[in-house]
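The structures considered in this document are given below.
In what comes next, chain A is part of two complexes: it sits with chain B in the first one and with chain C in the second one.
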Partner chain A sequence: MIGFVFRRLLAVIPVLLIVLVLVFSLVRVVPGDPAVTLLGPGASDVQIAALREQLNLDQPIVMQFVSYLGGVLQGDLGISLKSGQPVTLELMKRLPATIELSVVALLAAIVIGIPLGVFSATRPDTVLDQGLRILSLVGVSVPAFLFALVLQLTFGLWLGWLPISGRMSPFVSFEPITGYYILDGLLSGQPSLALLAVSYVILPASVLTAFLAAVLSRFVRSAMLEAIEEDYVRTARAKGLAERAIIYGHALRNALLPAITVLGLAFAEMLGGAILTETIFAWPGIGRYMFEAISNRDYPVIQGTTLLFALIFIVTALVVDLIHGWLDPRVRKRLK
Partner chain B sequence: MSEVLSFLRNNRLAAYGAGLLLFVLMAVIFGPILSPYQPTKLNIMEALSAPSATHWLGTDSFGRDVLTRVLHGGRITLGIGIGVIVIAFSVGVTYGTISGFAGGWIDVAMMRVVDAVLSFPALVLAIALAAAFGASLENAMLAVAITLAPQFARVARAQAVSISVRPYVDAALSLGLPNRRILWRYILPNGLAPLLVQSTLALGSAILQTASLGFLGLGAQPPIAEWGADVAANLQYARGSPWVALAPGTAILLTVLSFNMIGDGLADWMNPRRRKRQG
Partner chain C sequence: MKILKNLAIATTALALLAGPAAAQSESSTLVVAVPSDPQSLEPGTNRAWPVGSEVILNVFDTLVAWSPPEFSSLEGRLAESWTVSEDGKTFDFKLREGVMFHDGTPFNAEAAKYSFERTSELNSYVKATFGLIESVEAVSDTELRIMLSAPYPAFLSILAQPQAAIVSPTAAEEAGEGFASNPVGTGPFKFESYSADTSVVLVANPDYFRGAPGVERLIFRVIPDASTRRLELESGGVDIVQQQGQLSSPPAQDVAELSENPDITVLEVPSQIIRQFEFNNSLTDGPYADARVRKALTYAIDYEGLLAGIFGGTAERVYGPLTTNSWAFNPAMKEMAPTYDPEKAKAMLAEAGVDPSELSTKLYSFQGQLWGAIATFVQANLADIGVNVEIAQTEFPSYRALHVAGEHQIALDGRQPWYNDPDAHITIGYLSSLKDSAMTFRMGEDAELDALIQKAQQTPGLEARKELYFEVQEQIMEKVPGAYLFSPKLIIFHRNNIDGLVVNSAPPLNEYWSVTKN
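Let's turn to the complex of A and B:
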């Protein structure tokens, strides 16, 4: 197992390096002199020269990359052109909001997606199964911004049940401790605040959950259908096990193993959807921050958020692989 | 053709998808011809009127007929989707085929780059690239194509690796044919089938992603009728007049759904295990 972990970690390094080159190149593909483009018309020569120096544009490209790499390794992602604050600091401020949102979405997706997949697989090609298949295809096909709008109109505007934007009511006094509002509400002994935070997270999380649960239920369904045909299920039937024990004890257990990988990758992919979702629901996370940075042409922030998303993706894939390898020795062998 | 029919007969979901796609195609091909309105003609007097007999899906904030804009937008959105796939296919397949045919450390190095591109959530990379290139429809298409190309590269590489060891490639090599000719004449044509399936699968996400860029203001610019950009442009009126934003949004959903239903059926069809059971 230790060898497996080591080999898997080693494989990440070249990928990470190329990712850094790509993110570094983002500012360099801006047409014309980046400093002039970034500052826009009306910038003085002094400002341009200062920015060129700040971005190291006056040095050879290789040196620029080396100093960028050195900065990233020390957690320095540059300075936001808009706020003048270090990008790393700005990202840290907003990361809890995004993590809270995506973890709620992930948990909901597991609770909804797996049972739906099992339900479908145990009655294949019935009307219910076909209906659920179409529903899950709608889940992966619906644009995040359309679903978000429908939820806002229905539950926010017409029914008036849930707030449609932000993370917390501006009318309550609330001191965040950890930055995770639901947790903070509980920690500070005010369960009503935690509930309020939950009411804010429901709609944006639903948008992300729809995609995740759809991917998960589709995968669980097809993995279960394959597992049900395996010899060990036939053996279980032959020795007279109850159908429940066969489905949950044998088929589902084996189908869930690869589902971890699928869920991990879908989770990382979902972060792209988080940019749209956070923007629409005014959720103050890194997705919305990236959108603001694009409107402000704040390139260091665009670079920083892009890199952060890629890092989350890589770490998720790594963790998923390690869990998979830990649970399934065949995966460990394959990498040798 | 008979294979297509037997596929659709055996696969209800794909058949529904094909029907839905046919409906969408008919609507965007013939709709604009039949519609009495122009997609960009302003008529402020009739701004934001509700759906009625004269305006089936109502009008937007400039008094433009929403249905006409959706039908015209469909031509643009579908055109974008196909354009993106053509770029992604050409780049990805060329790259992957060369990598698989070359083998050795060249292959390893080239595939590491693919891994790296796949290490970004697709939409994040598309947004970052589109932002760096500058907001325009062409740049958005290019950005989305770059994020989709690795999928094609991977499939093409796998095909090239398995075809490279076939006897006819050995024969061509021993005859002394140049590498380029072997690639074009023997390897590429023989590995095409799964790549075409991949194209159908990717069309849905190409449309979805380009629409998302349009929604963020990084794609089609006004007054072009593109579905994603139209949803964003009408978002502020959605409270009072929901049809202006829901109509183009639903159009995206139906189109992407039809491609995904067909793709789902195709994937099922290609899976030998399922085929045996059905068969």
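Let's turn to the complex of A and C:
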């Protein structure tokens, strides 16, 4: 098992290198000079030339890449052209916000999506099943920005139950410890703060959860329908096992295998969707940071965030494989 | 639903009961929604980013500032009075006594000298203007003398900019690069905290030399999405919303709807921003190189229709290279400016011997709904006289690259002056030696006009400059560099319990010292 993880991690290096080369050259192929963009409307030529020199943009591209790669190997992702701060530091500041949001969304999606899938599969083609199927179709197909706006209007403006945007009340003075606000509230012995943080995460997480839970429930449903037809389920029934044990102990356990693969992929895809969600909800995470970096042509930040997203994607895939091994003895055996 | 409701009640109750953590009273805290992170709160490296600049002007003071509400004359801030020498090169300031920085360091001529020298060294953005400084001399504690290498009357206007804010030398030396996230000035608010992409929190400086500000705390909340900012304003989550970004305007529909909201006041102030349909004035061949053709096209555009149809009163007509609220605006421009007359446009093209079909090209424009609407409008106007153009909405960095390279024939473009002087529009926009730099009209060489522009820039005395700028505007209009389309108003929304907000028009950076909240 350890050997497997190690081999997988080794394989990550060339992948990351390819990602790096691609991003590094792509951002420079797209027209637009970061110095020009940074200075905004109204900058003169002298100002632009001075900034280009200051940012080393006057160096040949190969030289720029070599010096960048050297830095990356030491964990240094360069200096943000816009803020002048180290990219690694800026990413570390924003990563907890994105992780908190996605983990909440992921957990909610699992808690909601799997039972809904099972519920549908055990009542195929009834009115309830049809209703849930339509609902999940809506979840997959409604654009995030629209859903976000509806939530903000309904729960934020009209009902006034939940905050419209942000991550914490601006009126609360609060020193984050880990950067994960819900956790920080608990750690600092102020559960009220943790609850407040939860109230801020509900709406943006709902947007992400809707998509994830819909994908998951559709998959669990179809996998369950197949599993229920399998021989081992018939055997279990013949043995006289309770229906609950058959569904959850046998059918679901097998149905979950493909569902987890899909969930892993959907999770990574959702992180892409987080760019939009974070912008709409003024959530100070990596996605929004990347979006602004692209429009500013902040090369080191675009490279840094892409690298990070690639890493998250790879780690997610690895975790999915490990969970597979844990759930499925056949896979575990192969891994050994 | 019930669970949600209970949760909502619980969280609201908890937020109220959170005790010491939520000690800051909402009634004495002013929350301003801004569209982007301030990036840096460092006057020394400020590159006129709107949000950071505004925060800086609330934490720091400058020697001089534009007087509200007209913003057409300068008043002393840290300087009590000043004189300018006859040759326009020496500026003598008498400084205010007894002012302290937030860290207790006394403000004096040495601190001012330190700040100017620091910005000159750190900031490439102001190289052209700060580069004119030959020497800064602290004559005594309260007397400062600045000598320029060439006369530059707009220098006082530059001194009102955030880059010229006076920093505490002690704090700046101590913090080094950290000063950008821990600024110390003499201004009405003290810096308290900054959280990336989230907020900047300032607290009142009770000892401020003009008197303590009207609110105890000032929070700038970063909310990138315009519709989220609007919802936050409507729900009372923020008090003041600045809707316009550098290249956008609030949708006219938002303005109309929010005007109807009894809780919200809409402030509309004329700006000095200009948006135009412009030609690549460096072209030497092709139909667009012919001034008669360019002039004909300016008569094809329905200026009033554009203002009414797309802006619903949120923008004003521009007649020439300067806006009507500039002190150097030449009223003769109103006569010289083209009027909507498609028949005349067709006749002028015929007279120039150009068939409209020869003028087919791409009309470059910025991205976004607003620019799309303007481009479509102009496209339809041109089609009416037989000129078919294809709209190419282009992402800002790419747009700027092709513009600087001169790869366009016609484009929609705009200028936002970063300091309050006609120089900010005229020199950068029309001086032919700057044609290959960003955001210019790419004017072809013309020794006479160039000399006139430089003379207007450098001649001391407001009246003398005004006359020169009158002449500059007329000469520019004769060359038909473009059709001036509109000037968007600065639009700020605030909740009705806010009083005393004065919107600065050029550049749009507001001071919140005078604002109170009930």
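Throughout what follows, the second predicted complex is superposed on the first by the 275 of 336 C-alpha atoms of A that agree within 3 Å, B and C clash if a C-alpha of one lies under 4 Å from a C-alpha of the other, contacts with A are read in each partner's own complex, and residues count from 1 in each chain.
Note that a contact is a pair of C-beta atoms (placed from the backbone, for glycine too) under 8 Å apart; a residue touches a chain by one contact, two chains touch by 3 or more.
Bear in mind that the values here come from a model prediction, so they are computed numbers and not experimental data.
Looking at the shared chain after the overlay, A:18 reaches chain B, while chain C stays out of its contact range.
In the superposed model, A:189 lies in contact with neither chain B nor chain C. Look at A:60: by the touch rule set out above, it reaches neither chain B nor chain C. By the touch criterion defined above, A:137 lies against chain B but remains apart from chain C after alignment on the C-alpha atoms of chain A.
Contacts of A:271 after superposition: chain B is touched, whereas chain C is not reached. Looking at the shared chain after the overlay, A:279 reaches both chain B and chain C. After overlaying the two complexes on the shared chain, residue contacts for A:310 are found with chain B alone; chain C is out of touch. Look at A:153: by the touch rule set out above, it reaches both chain B and chain C.
When both complexes are aligned on chain A by C-alpha atoms, chain A residues 30-31, 149, 153, 157, 279, 295, 297 touch chain B in the first and chain C in the second. Those residues of chain A lying in contact with chain C across their complex are 30-34, 36-48, 50-51, 54, 82-84, 90, 93-94, 149, 152-153, 155-157, 159-174, 190, 192-193, 195-196, 198-199, 279-282, 284, 288-289, 292, 295-297. Residues of chain B touching chain A in their complex: 12-13, 16, 112-113, 115-117, 119-129, 131-134, 204, 208, 211-212, 215-218, 228, 231-232, 235, 238-239, 242, 245-246, 249-250, 252-253, 256-257, 260-261, 264, 273-274, 277.
Contact residues of chain A toward chain B in the complex are 14-15, 18-19, 22-23, 26-27, 29-31, 130, 133-134, 137-138, 140-146, 149-150, 153, 157, 225-226, 229, 268-273, 275-276, 279, 290-291, 294-295, 297, 299, 302-303, 305-306, 309-310, 313-314, 317. Those residues of chain C whose C-beta lies close enough to touch chain A in the complex are 4-5, 7-8, 10-12, 14-15, 17-19, 21-26, 29, 31, 36-37, 39-40, 45, 47-49, 124-125, 127-128, 177, 180, 195-199, 201, 219, 221-225, 227-228, 231-232, 234-235, 237, 246-247, 395-398, 400-402, 404, 414-418, 424, 428, 434, 436-439.
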